[in-house]
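Same chain, two partners: chain A is paired with chain B first, then with chain C.
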Partner chain A sequence: MEVDRADGRNPNQLRPLACSCSILHRAHGSASWSQGDTKVLAAVYGPKAGTKKNENPEKASIEVIWKPRTGQIGKPEKEYEIILKRTLQSICILTINPNTTTSVIIQVVHDDGALLPCAINAACAALVDAGIPMKHLAVAICCCSAESGYCILDPTKLEEQKMKGFAYLVFPNSILSVLPEGSSLVQGEPMEHGIITSVTHGAMSGNLSTLRVSVSHL
Partner chain B sequence: MEAKPSTANLVDKIVVPGDVVLDLSSMTNQTIKLGGGLRQECDSVSVIKAGKLRFSKPNKYWVESSQKRYVPCVEDTVLGIVVDCKADNFFVDIRGPTIAFLPVLAFEGGTRRNIPKFEIGSLLYVRVVKANPGMNPELSCTDASGKAAEFGLLKDGYMFETSTGLSRMLLSSPTCPVLEELGKQLSFEIAVGLNGRVNAESPSTVVLVSNAIMNSESLSAVQQKIMVDKLLQRIK
Partner chain C sequence: MDLRLANMWRLTMNEKKFIKTALTSGIRIDGRNPYEYRKLSIKFGRQVSAFSYIEERDTHIHVHKWVSWFREDGSSEVQLGQTHVMGFVTGQLVQPYRDQANEGTLSIYTEFSLMANPSFEPGRLGEFAVELGRIVDRGLRESRAVDTESLCVLAGKLVWAILIDLHILDNGGNLVDAANIAALAALLTYRRPECSLGGEDGLEV
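On to the complex of A and B.
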């Protein structure tokens, strides 16, 4: 289905990505990730000794602080912190440094749509830069659907506001492997088809198959 | 998704967390030693830190990467800063996930009567004796046979922090180019810890030495020589 997007992209096309690592001098790991005009800066400190009271001391814990570009910290920021914390906990290997805390601080530089996926990508790059042990990388994308049933990837803020519903999806990365093809499949599908986290807003009906096809093109 | 070559050899290539580098089911009856950055999962070995995969004969694999944070390993020599003194341990910060302990008797000829007194903030050159996950690492100021061997308090000098990759380069043999070039014109003493701390001591040119070392991390050998020459011309 032909769709006119404001910047002339195809429905499956992402905005230009840019990533820089080790940009902050004092942080143990840092990365800046931008998708088009949306830009997020992530800094990682740690691991540091000690955990908070309600955390399990037999595992490493991850603490996320989200700083919006303007305004005070409110409920949407707390929600982003919880989503990011759960995603990062599932990709880091938590048993290697028990009883330590790793702090991830996210600073929003500019928000032009697909903010949370951009932040997840930045946080993953900053963790790699800091050398925190991880099982695999996390790749996040925003995918939204309009009333007429078509779906597009990586919307800008204007496109997001016109959409009926959108979903943020996080996958493991495609890995290089010396194993023969097919031996690392999980239930008949390669690992990168699994979803780590998904956040959905609004109403989406009947087009999960188009969603699947469009996302598997990444 | 493109098809991956099934017999790819990833040695000396950059790998990211999640890449599977060894298939153990095809290598039976061999002993393989895995270094930092690799983890065994059932029949395969996968990467947990991003870096370059290295192989040394006959059977050692590891991922070489450079971080600002140090992971304590046994038999590493590090520079630590004393943060507290207790009855039978000094608490020493070695830039790792947890504080390390230095027993008060771990010195040459150390008995209960001649316990050394270190002030808080003093810099020590120590060796890691125990580094188990989940426990605080233990240090010692003697080498394996009990002699002092230059371990202990570093009195003078200027301490600066670098990444672990740069300290490994400074300790490599043959001598790293930046130290060789500086050594041709200046006289100085440095103590390098594998945790990324370097203590430089020199009668008058300590700032030049430390700036040259800090600048040399991402330069090749020829670029390091050019950089050192430029810095040395300023003091002539």
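On to the complex of A and C.
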């Protein structure tokens, strides 16, 4: 179905991506990721000795600090920190450096929609720059659905406000790592249905079939 | 990997001795003169752009056209050698203090985050961060760089409160200078929104 987006993109089209690594000197790894006008800076320090009290000392732990563009840290920032922490814990190999803490600091430079996926991508790039051992890379995308049932990818801030519900989906970049054994083959290629993280906002009933179709285009 | 396990930036005795000996003979460790500055670069705001695609139906050519571009107000990025500081300025309408009923307020928020320095613990405002905030604050306030009387909208009821957020991204030394320049640069590009009074207590921005 024909959809009019403000900047003329197709429903499946992403904004131009830009990524640069090693931009900070003190941090062990750093990356800046921008999707269109949304820009996020990530810095990684690690591994440092010792873990916090409520963390498992037999594994490496990841600490995430989210810094908003203006103002103090509040509840939404804490939520982003938790989501990011869980996502990064599932892609890093935690058994290599036990009893250490790796700190990931996210600084929001500008928010123009799809902020959390941009941050996940930036954090992943910064971890690679720091040399932290990981199983695979994480790719995050924001997908939202409107009242009339159509789905679009990578919304801008204006588009996000008009949408009924949206989902952030994070995929591993290697298909074979999260698929169970004996999974179904479609046309000779393994079907990608491994998802690391998904966060949903708003009401999305009845839209899952269109969501799956648009996601498989990625 | 050993360097990473150390949480602090530790200097060895030999390094300290080397720096002192070099300084007494007038040389600094990066080759500068005692009074020489590092390269300073200031980026003002961010150019925000809006695209529009124009499709020519008969030839199926998509043409990218710049519809409008404008600078985002109130943000600056300063790089002094390896030190990297970003400043953002925002304004809000608030009630003034009773003893300064016709003056706006200026406040500076500096958080010395883990990004700049691996030894900083999050959640606790370090001494140096507070001191840095106070230095920048006193510098701007006492030199009357911001005319607080012009920030008044309605005497005794509504004034503009300007908040300057300084984000320290990379600590390469001399944060005081870099933070001051970032705060000033961000203030220079800041345009406060137009505000007109309508009716008895109506306010249109």
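By definition in this document, the second predicted complex is superposed on the first by the 199 of 218 C-alpha atoms of A that agree within 3 Å, B and C clash if a C-alpha of one lies under 4 Å from a C-alpha of the other, contacts with A are read in each partner's own complex, and residues count from 1 in each chain.
Assume contacts are C-beta pairs under 8 Å (C-beta built on N, C-alpha and C of every residue); 3 or more make two chains touch, one makes a residue touch a chain.
Just so it is clear, the model here is predicted, and its values are computed rather than measured.
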Touched partner set for A:14, first chain B, second chain C, both or neither: neither
Which of chain B and chain C A:47 touches, first, second, both or neither: both
Chain B versus chain C as contact partner of A:28, first or second or both or neither: both
Contacts of A:107 with chain B and chain C, given as first, second, both or neither: second
Partner chain(s) touched by A:37 [first = chain B, second = chain C, both, neither]: second
Touching both chain C and chain B, counted on chain A across the two superposed complexes: 28, 46-49, 100
Residues of chain A that touch chain C when the two form their complex: 7-9, 24-28, 37, 41, 43, 45-49, 65, 67, 69-72, 100, 103, 105, 107, 109-110
Residue numbers on chain A that touch chain B, as the complex places them: 28-29, 46-49, 93, 96-100, 128, 130-131, 133-137, 172-181, 184, 190, 192, 216
Sites on chain B touched by chain A in the complex: 1, 3-4, 6-10, 15-23, 39, 44, 46, 48-50, 65, 67-69, 71, 97-99, 133-134
Chain C - residues contacting chain A, complex: 4-5, 7, 46, 48-53, 72, 82, 84, 86, 88, 90, 109, 111, 113-118, 122, 163, 165, 167, 169-172
